[in-house]
Structure formats: C-alpha cells, structure tokens
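See the structures that follow.
Two complexes are shown next, each including chain A; its partner changes from chain B in the first to chain C in the second.
Let's look at the complex of A and B:
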C-alpha cells in the first residue's frame, strides 16, 4: 500500500509531457575498454561488456527540470533538506520556479539526489560511469575516437575555459550513437560517481591499503593518454551526493525494453 | 605575600613562551596550544611578502585561499588558462610562525571547471593536507595543522593529473618563521620559477592550450619567474637602493625542471639552501629543486640592473627565465669601476695561417734563422695584429693611423718604433709630413721573437730601408725605459 502511494506520482509524471518529450537513444553496447582498470590487475586493461541500454540524447534542460519541480514540490529550492541538496542547489535560479538561464540550457546546480529523483520521475535512472564513458568515447563518425588527439583536444579546450557564464543551450552535434553534448557543455552526474575511488590526493593511488578496500579500480588510469577522462573522474570524485556546482548537470538512462529503469 | 609574588612571577614566565616552553612530550616546534584570538593571515601577491610577524606566542592563524581558474598572458600577446591559488602565479604568499595552529580554508571558485586541493610542504601529515582539502567547484574545505618546522616551503595542488595542475601554475610558498623571527632586512621579495608547456611555439601569439606531450617529455615552451615572461622586468622590476639588505624567498614550482638560480652581478652573502636551517655563505648559484625553495640574502653595493636567471642559460634567453632587480644609488667606483678601456683586441694568433711563424721558431731553435724566415713569419704576424690599423700594404689611414710604408718616422729611429710596439704610443707625431694624434695600445701580448719578425718584415717591405731586428734587440728595448710617451688614458 505504501509502495503504491509512492509509485503513483512517479507513474503519473511519466505519462506527462516531460516524459513523452524525452528522447532516448538506443546504445548497442558490447565490449568496451574503460580508462579505469576493471580487472584484478590495476595495470592491465580488462574489457567489460556493456549491456545494451537507452540514453537520453540531451542533458536535462532548465525547462524540463522546472516541470519536474512543479510536480515535485519537495525538490524546489528551499524545500529540499540540506542532506539531499547543498546551499548551491538551483542557486542560479531567480526564484524557486524560475530558471536563471535559458529554458533550453542544461540545468546545473543540481545534487545527485535531485538528479536521481528526476530520472526516477520519468521511469529512468542515472547512467553508470561505464555507460557514460562508453557513450562519450564516440565522435560523430567513430564509436571509439579516444585515440585521436583532436578528440582529446576538443574535450580539453572546454575543461580549460572557466565557467564564468551559464552554459549555452543544448543541441550540439550528435555523436555516432545520436547522443549530443556529452562533451563541451556541462559535467554530468553518473549513478556510481562515488565508487570511482580516485583519491583526493591523486598520488596515493598505488596505496596498498586503498587497494584492499577498493579493488583494482582504485589505482589509476591504464592509458596515460586518457588524462582527459581522468580529469572528469577527478571532478566526480571530488563531489558528495548533496553537492552541486555551476557546471554540473545530468542526463538519464533506462533499459532497452523501456519498462525497467 | 612572598610566595604570592613568586607565583605572579612564575605565571608571567608562563605567559611568555620561549623555545623551552614546549609541553613535555610534544614535538620540537610545538609551543603548546594557540593563544589569544584567532588571527587572519595576511596574504600577498608576488613579488610581495607579508610583513614580519613579531609575535611572541603561538596563535591560531586562519588562512583563506581561493582557487581561481583564469586566462592571463604568459608572454606578450600569448594567453594561457592558469589555475591559481589566489588569482596569481605563484599563489599568495603565506607567512606564519613556528608553533602556530593554521586553520586552512581552501575555496574553489564557482566558475572553476576542476576540483582542486592543496599539499603544503610545511604540513606534518599525510598528503600535506591534499586529501583533506579536495574541493569541488563552488565549495570550500577546511583542515588544520600545527606548523612544527620552521623554514620556507612550497605548496601546490595535488589533484589528478597532478603534473597538469602544477604545470598550470598551482604552486606558491609558505614561510614558517622561527619564533624569534628572521633578522631584519630592508626588502623581502617573493620569486618563484615554473616551467610551462603550450601547444604553440615560444611566443606564438593567441590562446595557447596546455600540451601534455611536451610536459611528459619535460620540454617546456616557457620557463619563467612569477608566471609570465616579463613579470619582473621594466616597470615591474623589483626596486631597491644601494647599501640595502635584500632577502629573496625563491621557490621552484616545476613541475619538471630544477633551477640553477643566479643573480648576475651579485653574490649571495647567505643562502638557506633547500629552505632548510643550514646556511651557505658566499654563493654564486644555488640549486632549487622542483617543489623546493631557498632563502637568498645579499647586500646591494653598486647601482644598476641585476638580472635574475636560471643559469641553465638557454632557459633565460630562449624561454623567458629573466627578472630584474633594479638598484638605485650612488656609484661606488672602488668596488666596481664601470668600463675603463675599450680597444681593439685581435688575439695573438688571430691569423689563420701561422705556419711561417712556426717554421721561424724551429729555425731559431736550430740556430739557422734566416732573414727570409723572419720576413715570412713577420708578414703573417703583421696580418693578424698590425694590419687592422696600419693596413696590409702599410699605407695606414691618412690622419688616423700613420703609414709604415716609406716611413721617415720609422727610418729615423728603429728602436723608437720597437718601443712603440712594446709600450704603445700616444700623442702627436709627424710621419711623412703629416701630423697624427691618436693612441696605439701596447702590443705586449707579442713576445720578443714575434716583435723582431714583425719589425724585420716592416723594414724589408714597401720601400723601407731594409735591415734586420733580432730578438735580443727587442728584449733590450723591452727592458729599457719607454723611448716614447706610452699610451695612457
């Protein structure tokens, strides 16, 4: 009974306009080599199998998030417990129901809890790091462009620019999978951001004490050329789930058959 | 009454902590818990150093340092996105007292793209504070440490990739003053070297991104003091007066290069090398490791511009590692004269082919030196030493350099001419009816044989009367008092 009560609003929200408009792209999945070690030996690449899934083509926009907080008052600024959202939560909005930047711009200053709640509201979830990394390895023509220095330079050029202004509207060039704005617009939450285990002091990555707890995933990147990816992991590692920053947004994922998140 | 006043005296002592006041079992440099109200640390931008503390007790010192990612020029017309502690490269200078409890606040500006942290080499504890200060954009971290060891220490960011954070300018210095302070000086400066890696070439205009390949190869595009080429030159040069004491806190952020720090024209009276307690005196060049620092002190004596360089010298002249200390004040000629002489110097073996000279020397050794040997050797020596002024044909330059060809001055007194070669000649003379009033410097780099060969060549050339000059004659002339007025200035 209690479950039913909780489920109803979510289902209703899913049938609303926000859900219908959400454009999910099918990701075929397959073997993928992460920049982070996935096997028992930290220095050896162990490919993983990415199960097919669907990923939102675009990050969540201000307009979409506004619709969400209208329907879920508990996620409006000022009503969310600080346990779930820090003092920067939606700080750029001029009012609790009024985004500060363009409707089509990606929502930023959202906590992991808020992002997770949003995705659940449309029957989805946050992508895992591996799903996100797999989707973001592509460029317009190649499924894996990571060896291309130009691909890396494109990513780094965004990293190098301080975010003095609100991010521009979504709608960048789609990659080979049809996913847009994975690079060059905002950082994005992933579901397992706090399991990446990049230490705050990156020089302790080889600490055997850490290895005991965190497995090989704790050590460091396998390919030194992947430092652009490493920088993203460092950013995610610096966050707590209630944190929000002015250039951190999110997108949602769901299973291929659509019913399961 | 007596006992009570004794107690007052004792409590007075207790409130004036000295070095010996450390609690039993505490580490050296631990002078007990912080006293008085918390103090906000004065932070300064390079090349400025916060004032000496002059505090007699350990305090709680609050340091608030803000990380700002910003675009700034690294050279004229060349922009680079620096990551900074406090908006400058190097970051703000922090000054605390040994025994202080430092409450450190690291703030990462909301506009930052990257998370950052800080490892202070003056911290006793894992990571130097790095893990405790890992801070997302738009957030703030706090940690505290007791400054147990005095000295000058580097601080830097240690977020992955560490090398990149350091290469983007994330370093600075923290001074932990000894309890009694440092000896008073007239000027303190903050200078820090760093190497930078851009995709474009040195001085290639426009926005230049970081180049990881060059950084890994340790081949910097720029090596500069205080974050940019020209940051301490021209109007921005450090300025002092003569007879002042100067203390430089010199750090090296790296990330890769070790600095051979040198001030051209100055000798460091004292260097606390590696930032440690030992001091070396009378130092010309001090080695500053990446992630290390030194305190260099000297007294200014002679006015002028003193150039700070990394004496791995191509870095200074081809990558930007130059800074200027300008010293104003009266000249001290007794210590440094300035230029006293500017004259032609050709070297005693300027001629490319001195085979005839060698042959003459061999002949003489065998006692078989002929007139012809002497003339040929003299011709080659003349070409290297004399012909610049007197010309290859001995004609001189009318009114400036007297002729040797058909010279009545030469013919009249050969010994006088030998003397002119040996001791120089200055003032008015008349040669072939024309007056000359110039200066011939002494050619005392020539030995007796060489002068004899030259004179013999001259006497047997260009219509001169002929004859032969031996080394003995030259030797006697060299020993004799000047036959003519020598060259003076």
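Let's look at the complex of A and C:
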C-alpha cells in the first residue's frame, strides 16, 4: 500500500478503508492558479478552488486494464465500436487478452471513452484537467514547485527523450501528495480534455480550428514558462475522444466521501 | 428447374431479404454517434433516446440558453440552412440541439428558448446530466468549458448526421449557409 503515509499523515484515513481495491490518495485541494485562464478574460489569471478529491496514486497498468476487459468484453480490442476507440486501440497488445508490455507498465493506446469506462467500472471517473494540473504541480516536498527552474528543467528532460520503447513499470518517486508518475512515464487523459482549447471562443472571430495547434495555443496561456504543462495541454487539445496513442494512458479520480464521483 | 428448386431459391431470397432488413433494424454502424447511450430529455419534458432519430437526416449542434452572442447565431444559421433546402429535401430533416448547461437549462428554460428561436416540431432542444453532456460533446467533436463566471466557452460546430447517425459533414461557419452541410443533406 503506497499512500505516502510519511509525507501526508491525513492519508492514513484513506489507507484504512477505501484503498483496498486500488490506491487512491486524498488530495486536500484549495486555491490553485492554473496555467490556463479560468475566467471570462482570456489573458487574466483567475485562481480557482480545487475541491478535495481522491486520485489514484499510479496510472492504470496493463494488468489492471486486462482484468477490466476480461470482465467487460465490449472493451476488448476488435469489439469496440469505432465511435469509442480508433484502429490503434490496444494495438501494442499481442492479443485482445494479452498485453504486449509488462503487466506493471501503464496501459497505453487507450481512447478517452475506454479510459472513462474503466474508471466508471471502479466507481470512479477521470480527473479534470485542473485536478491533474494541481496534482502535477507538486514535487517531493512542495505542494507547488512550479516556480522552481530546476524542477521545471528536471521535468522537461523527460519530454526531450524520444519515446520509442513501451513505457517502463509504474512506481516512480511519490510527490508530496503521495502520487506517482505524473511526470516522466506517460501522458494522461483527463475528463475534460475537450475543454482545453485556448484563447477564448468563437466570439473572438478566429477560426477555432487554428486554436488546436500548439503555436497559436500558447497565446493566452498565463504561465508561458510552464512548457511541460503547455505540451500536455497542446497534446490533449489536439485529440479526439476515440484516439489512442502509444504513450497516452490514464489514472482515475473520485470524490472524497463515498464511491460516487 | 423443378418446383422444389424454384421454391427453395425463392425461400433463400426471402431469407436473404429478411436478414438484410433485420440487420438494418438492429446493427448500428460502429461510427454512429447513436452508439453512445445517453439519457436525454426534450423541451417538453419527455425522455428520449437519440437513436430514435435513426432513419432521418439530422442537423445537430450544442448551445446554452443564457448565451446571448454565439448561440442565437447557431439557431439562425440552422434556420437559414433549412430554408436553403428544396421543400422535398427539407421535409424529413430533424434538428437536435443539446445544452452545455444542464444546471440552468431546465425543461421550462428549453421550452422558452425553443419559442424564442421559432423552433417548430422539427426541432428538439435537449438536456442531460453533466457527465453525459461531456460524452456527447466528445462524440460530436465539440469543445466546451465552463468559465468561473458560469458562462461557457465552446466551439460552434454544426453537424449533419446521416440516417445511421454518422457524422456526414460539419461546419464551423455561422451567419451563412455552409455548402458542405447542404451537399451532405442533398446526398442523404
């Protein structure tokens, strides 16, 4: 059980009860400033309040996803309607019930619909972008390490490495909240991936399709130095819900009280 | 050819026809948006399954009632598109508008919005729960997010769904009729 007990005593409560099925850690929430504007003015920072929630300590692994597709045949490769999963869905698996990479490696090549269905199957949901960004702002000791150039550089060094091989096993160093592998292993779906278009809306008269691209997208992001976060946003905003890619996985979230999202 | 062979061939033909008909009635194409099962309620408070629109051409979009800038233009553009069709092609077309804002777009609000935009029985203004709204937008390729002041940012996408619920055309241009939509409706 990896609930970051030493780092975050409040998590003891979680470890005692609900962590039995999968490791979820309690995220205390609070005021948070996103790299994306949250208010009507596209260029002004509006801090938001993150409601406490629980987040899976690790991304979903191949072994976990295999158990899911065994129990939900409609999500096995070859049986899922193309509306929900494209032709790359689980393409790295050697057979519909046989992952291609290690059991403990994060599952990749999963669509947003498939990721959502997995989380729903354990009474959870995908985290929102804000929840993910808030969780990913922490390093091992600080809740918000985003201002530290050294930490930024450390994260960026992962993005600079080419990803030709399947991702390694989950289980990286836990951050201050007890959450692992938010950086350095895979990209992750969020529930509102299709909310991550940048620079306002159609009222700005621009072609919304242009905003899907990285260069234009950076225009009204508040913190332009958070390249790692910007790349996540750029990737997620370019995806359709049925898309799957070789380094995109997911983890689930749920509310603090009760099993319902 | 004996009578037996004749009747056998006939029965095979009948069997084939029956099979084809039942396949049409049951098997939804994998890329049909109706693959997504979502609980919808229309502006009259009636629950409905959007797969019931199968067999009819559908113009679809998403909106929210308190929006006073882009959304009225979406309604207007759909009216213009319908007007641009010859009466024969227009007759079977349904319009489906799904709200981004299920909290504020209650049934009475949807009904008022339908009246305000001269939506006749051809139009369905619908709402569902938050999670299903996100799924519908994902299936339709519409992007939206709620801002801290309760307004929504969203892409203004008009879609044409074919008889099986597949996206046959989409348009992001408002205020005038998009030839791509008309063409798709023409070929339905």
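We adopt the following convention: the second predicted complex is superposed on the first by the 218 of 261 C-alpha atoms of A that agree within 3 Å, B and C clash if a C-alpha of one lies under 4 Å from a C-alpha of the other, contacts with A are read in each partner's own complex, and residues count from 1 in each chain.
Note that a contact is a pair of C-beta atoms (placed from the backbone, for glycine too) under 8 Å apart; a residue touches a chain by one contact, two chains touch by 3 or more.
Bear in mind that the values here come from a model prediction, so they are computed numbers and not experimental data.
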{"item": "Which of chain B and chain C A:156 touches, first, second, both or neither", "value": "first"}
{"item": "Partner chain(s) touched by A:241 [first = chain B, second = chain C, both, neither]", "value": "second"}
{"item": "Touching partner for A:83 - first (chain B), second (chain C), both, neither", "value": "second"}
{"item": "Which superposed partner A:231 touches (first chain B, second chain C, both, neither)", "value": "first"}
{"item": "More chain A residues in contact [chain B versus chain C]", "value": "B"}
{"item": "Which superposed partner A:256 touches (first chain B, second chain C, both, neither)", "value": "neither"}
{"item": "Where chain A meets both chain C and chain B, residue numbers", "value": "200-203, 237"}
{"item": "Chain A residues within the chain B interface of the complex", "value": "86, 88, 153, 156-164, 187, 198-205, 220, 224, 227, 230-231, 233-235, 237-239, 243-248"}
{"item": "Of all residues in chain B, those that touch chain A in their complex", "value": "68-71, 81, 109-115, 117, 119, 126-127, 130-139, 158-162, 164, 209-210, 212, 216"}
{"item": "Partner chain A, residues of chain C touching it in the complex", "value": "28, 30-33, 35-36, 69-70, 131, 134-135, 137-139, 141-149, 151-156, 172, 174"}
{"item": "Residues of chain A that touch chain C when the two form their complex", "value": "38-40, 46, 48, 81-84, 112-113, 116, 125, 191-192, 194-197, 200-203, 207-209, 237, 240-241, 261"}
